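Next up: some structures, all given as structure tokens.
Paired with chain B in one complex and with chain C in the other, chain A is shared by the two complexes that follow.
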Partner chain A sequence: MNVTWVLAWRNLWRHRRRTWLTVAAMVFSNILLIFLVSLQLGSYQMMIDGSLAAFTGHIQIQHRDYHEQQHMYQDVPAVVDLATRVRALPGVEAASARAEAFALASSAERSFGILLTGVQPRFEPAVSTFPGKLREGRYLRDGDEQAIVIGAVLAQNLKVAVGDELTFLGSGRDGSFAAGVATVIGIIDSGLEEVDRSMAQVPLGWFQQVFAMGDAGHAVVVRAPSVDQVQATASALRSQPAPTGELVVLDWETLVPGLRQAIQSDMTSAWFTYGVLVVLVAFGVLNTQLMSVLERTREFGVMLALGMSPGRLARLVGIETLLLAGLGLGLGLVGGGLLSWYLSVAGFIYPGVEEMMERFMLGGRIYPEVSAVSMLIGPAAVFVGAMLAALYPALRLFRLRPVAAMQVA
Partner chain B sequence: MSLPLAALGTLAWRNLWRNHRRTLIMLAAIAIGVWAMIFMAALMRGMTDQMVRNGLQTLPGELQLHQRDYRRDPSVVNSMEPPAGELLQVLQSAPVAGWAGRVRVPAVISSERGSRSVTLLGIDPEAEQALGSLPEDLFEGRGLEGKGDRGLVIGASLARRLETALGKRVVIMSQDPDNNVAERGARVVGIYRGRLQGDEDRFVYAGRAAVQELLGIGQQISEIAVSGNDYRRVDEWYPRIAAAAGSGLETLTWTELDPFLGSMLAVQDGFTLVFMVVVFLALSFGLVNTLVMAIFERVREIGLMQALGMRPGLILGQIMLESLFLLCLGLVAGNLLAVLTIAPLASGIDISSVAQGMEMMGMSATLYPALHVQDMLMSTAVVIILGLLASLAPAWRASRLDPVAALTRD
Partner chain C sequence: MSDIACRELCKTFHQGGETITALDHVSLDIEEGSFVCLFGPSGSGKTTLLNALGGLDTPDSGAITVGGQRLDGLSRGELADLRLHNIGFVFQAYNLITVLTARENVEFIMQVQGVPAGERRALATRVLEEVGLAGLEGRRPGELSGGQQQRVAVARAIATSPALVLADEPTANLDSRSAAQLMDLFVTLNKERGVTFVISTHDARVMGYARRLIGMRDGLIVSDEQQQPHAMDV
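The block that comes next holds the complex of A and B.
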């Protein structure tokens, strides 16, 4: 047993340059895979965090049909009370009530259609990052009435500044005509044009008056301690007795199905890249091991003639490959680990894709995620690929005939 | 005392097949690498192409003209007169394949069950045809009949959200130039399915004259969309239109109108090249290894050749030729493989399982890989240039062997 390992180790270094080149191929692929996978997982994490933290939140409690149809009357009754109760539950970091309506907003000079959101000024900043992106004025406060905070592009389009008045027209919960006048007290610049073009927030209480909502709203937005804990929090919420049978607990995958799918489609093309790398490395190992077996045909013939079993020879080749792949694995892990650890601290920039990143609410820098998964999945695949590649050369040994082998020139 | 190139070639070719197993394995590796390069490039090109095309149909056009302030302040106030004189002449001559003037204003549409904010497009259906900007899939009802049509064509998703249906009346509200609310009841005459669900929610089509009448703007329009049917060549004809439009109008190409779309082409080309180089690097270790081993086996032989008077340059050339043959064979196999695998996919790959994710990137549910000669050429260039560079080191070492030492090696 021990002799076989020593033999394998020595055999490996009979052609130092070839061994190092093969190891280098593995190390290169391992470093690249660790880098790419951790970058990929890191950017997914940021995509999820960024887009959910912006407005949607991790979980929302809504009327069963509201997500699909968004009708005013598909509401959550006593929404503020519900938010208060939800906030007290374990696994809930923050919760805030909201109501929404489409309205035509008019300033002295311009009119635009907007999505008006009624929010709880005290709790909204805990579930959404928009209130923090205030550029001018102040955010809503408890007790505010007839006050509105709007996006920067909308402010520009409507030609209003802090202190100006806005009129909005829409329809109330019961289909009645709803109209209100509010003073712009703050302007939010989230950096996302789409959002800044249509966002407008008013205090929930006043929203309920104007749109004849009573004490109802359209959603309780919930933030879990982290994205990983969303499922646990969602099931905890579902197990609570519901005030009416019409409410549902929706997690972010339902609320923003595009996000999960964007990640999946990106993953598919990434797996293609990884697969190609692993296959190419496996071919390199196949080449090396086949050569090293073929050039030792005579030697193996002698060993067979001396009574060594072909199985033991095959094991010898297997152990050689194991050492080779182990070397590649170890060095690759060290190199890849250092690289992604450095980048996870320093951040990484793709040049020229800022617009794309903005669409997924990412900042300019990506921080790779260094974890056991991101570190091991690539190198493990390379390792397995290398071992599989050695099968053919090792199995050839079983067909070796001692006499014929010894006669090979 | 120079060996003819043909002889050198023959020598290299025969050397290549002395160890046919090793050569075949390396060939397979190169072929797979090349295949992956081209296949990936075709997929990416298909994606980008589609994103750009979808984007251009929504914009629409590769070029748009607006009143100078319109884009900063997309209000009916910043409308423009329909094209006349020189501009009209340029628009009606090649290479412009089609152009359309449209009214584009923000509006609110209400049914008895709800209201949504939308973009109201007052169009001339005949002119839009040439731009391909009208929804292709009319789900119910009819399309607009001429620019005077007083009906509305809305998206299926919007109809669902408004709980309205074909033939029902809705109210459309917008703003006239004096900032009075202009509203009018209109009948839904058609319901379309958009390429993207977001479009269905956002765009409401109406006859141009009817919208002009609603807003009280006479013959004025908000934008002119121009198409030449080839988005890669806008720069060739763009200056002529810009000159004819004068300084009162803003003439912008699609790369400026939608920077996200504009950056796609550059990003895609960059990614394709990076991918090819990375695949090649993974390949290069095997290539160098193969050459090193081939030389190692032939040390005595090379020493003998040198002792007999073969110049180092020829030895170097012979090994480089051997590498070149290997690369070329691999390239041929890889390219063939790529053509054979991409051809059956030309009718599209169904990716509807991730459709909403693709929509975030501006794509629809079928992906058409696009095999372009330039990608095949690019992969060939990467493989040949980098391959020969990688072969240089072992070949150079071989040519510098000391004949005496090489000959006495066992």
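The block that comes next holds the complex of A and C.
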């Protein structure tokens, strides 16, 4: 047995209570960090999933300028055929064609601006959760014509209900006047007021007819098996021969840049909080190790007198800190891992915000994401912080003089 | 290795605005295999001289040569290395590491020397047996008497086979019987291993063991005599 390690281990227990308190602080921090990081990553995952599943999808195939400029003529030719081919590709869970136009919707009493979307009724529910958010009536079906589903706020503003008619006016792809009369067959309550204020969907075929789109649309919306696989699926799509050179494959980070920015912004403030926690723990370790070194000054003086170098003494303090931090790390990993794993299965409810989360398509519960990153990043920071905190007490030993040290009571 | 030569050693301390002369132009030669006692009242400079000989403290002026090596030219690391391999220390207050057992205390310094684990364990056991602590190897200092603790300290000092042992008031905290046993042990090690002993004391009974007695007062060597050693009358 290496006597230095035995000595380091026993030194830790010269003051059991102090050691346990320091270890407890590290364990608590590690558990908290594992839980918070898991919760944070789980929330982000749910935010991404919920947000993209609502309407945008993971990937869209568009005309290269459509995302920036959104002109009607920046279209995807033979959009339904393209969606059919894409749907058959490996790595694609679902795909649906869409076309979009801004229009003015009018009821007997009022008019409001809307974003009218032509969708494939059979495939749209696989790429969007809006069809599942019907509050009244039914969703579109293949073969429907002159039928429209609208957002709940729009219905309220237009003062229309299921069965009522409304008209919409807009510009066709060729700049011509586009107008239609449709019967409201369903009202969607997505939970997002802004969306519900302008959302309106009609069958794609009818849309193409009214807006002079021919067989074109504006996007093929694709859902990958998971967010993690979006890049692989996007790469696979990009490697396919394109019908025209003007199409591009855009992933969700390009389509919804605000989502990534919101996550990054949240992460930055969270990391700052975690950093403060790690620094506090490091100061705890610094206090423990400094006290430990100061009260053993005489013993260190004897060791120096016997021929140990200051470097060896510093290494001894380093080993003690390593063991201390290792205990905190091990126990923290077990505790934090078990807690996060349990909550990742059972879910976690923020009391009082379940309804709001439901409305934002996040479900009632948050499921922490247990991964190597969530398990290790916090405890690793605490571990490194603890080791760095031992530097000062260890470096003090280089200033120690044997005779003076041995005279310390 | 243990031939010691000191030339014109001076050392002063400042305490409460007063300057205390601990060593006042001390010159001294100690031959290898000697058994020397430094004696004198408290504050006479015995401990300061021992510390200087062991490279624990630096004199203000003068030169010390141990085994032909000038100490004033050595770095802290080189001095530590010299102590580790050539000098054993025995202190008045034992100064054992309280959380280690007797064997581990002896082993620890050998590990620092780089002695392989199996070898140092066997050697520690043998040395502890040699100092009369067979069967007590697994006890911690708190479980041993003062005499036994000092024997562990001696075992720690000699386990590395030093050529020189510096002992500062080694019997001060021991009863007469333990002190006699310790001094008998020192004499045996001096005779059988040829270890040079330089012991500071103001105990007349300890002085009886020495072959050479060096008296100190106010930082000066005031007497230096050879004598026929005689054991302590317990």
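Here is the rule we go by: the second predicted complex is superposed on the first by the 385 of 409 C-alpha atoms of A that agree within 3 Å, B and C clash if a C-alpha of one lies under 4 Å from a C-alpha of the other, contacts with A are read in each partner's own complex, and residues count from 1 in each chain.
Criterion: a residue touches a chain if its C-beta (ideal position, glycine included) is under 8 Å from a C-beta of that chain, and two chains touch if they have at least 3 such contacts.
None of these values were measured; they are calculated from a predicted model.
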Exercise for the section: Report clash or fit for the pair chain B and chain C bound to chain A in the combined superposed model. Expected result: fit
Exercise for the section: Using the touch definition from the top, say if A:V408 reaches chain B (first), chain C (second), both or neither. Expected result: neither
Practice task
Return first, second, both or neither, reflecting whether A:L304 touches chain B, chain C, both chains, or no partner chain.
Solution key: second
Practice task
Tell me which of chain B and chain C touches more residues of chain A.
Solution key: B
Exercise for the section: Give one of first, second, both or neither to describe whether A:S265 is in contact with chain B, with chain C, with both, or with none. Expected result: first
Handout entry: Where the C-alpha centre of chain A sits as vertex, the angle toward chain B and chain C in the overlay (nearest 10 degrees)
Key = 90
Practice task
Classify the contacts of A:F28 with the two partner chains as first (chain B alone), second (chain C alone), both, or neither.
Solution key: first
Exercise for the section: Using the superposition on chain A described above, determine whether A:L338 touches chain B (first), chain C (second), both, or neither. Expected result: neither
Practice task
Go through the superposed model and pick first if A:R10 touches only chain B, second if only chain C, both, or neither.
Solution key: second
Practice task
Report the closest approach of chain B and chain C over their C-alpha atoms in the superposed model, as a whole number of Å.
Solution key: 13
Fill in the blank from the handout: On chain A, the footprints of chain B and chain C overlap at residues none
Problem - List of chain B residues in touch with chain A within their complex - result: 19, 21-22, 25-26, 28-29, 32-33, 36, 40, 43, 72-75, 77, 106-108, 110, 112-118, 160-161, 163, 173-175, 179, 181, 259-260, 263-264, 266-267, 270, 275, 278-279, 281-283, 285-286, 288-290, 292-293, 296, 351, 353-361
Exercise for the section: Give every residue of chain C touching chain A within the complex, in rising order. Expected result: 51, 54, 56-57, 76-77, 80-85, 87, 89, 91, 95, 97-100, 104, 107-109, 111-113, 117, 156
Fill in the blank from the handout: Per the touch rule above, chain A residues touching chain C in the complex are 1-4, 6-7, 10-11, 13-14, 298-299, 302-310, 312, 401-403, 406
Problem - Interface residues, chain A side, partner chain B - complex - result: 15, 17-18, 21-22, 24-25, 28-29, 32, 69-72, 102-104, 106, 108-115, 156-157, 159, 169-171, 175, 198, 257-266, 268-269, 272-273, 276-277, 279-281, 283-284, 286-288, 290-291, 294, 351-356, 359-360
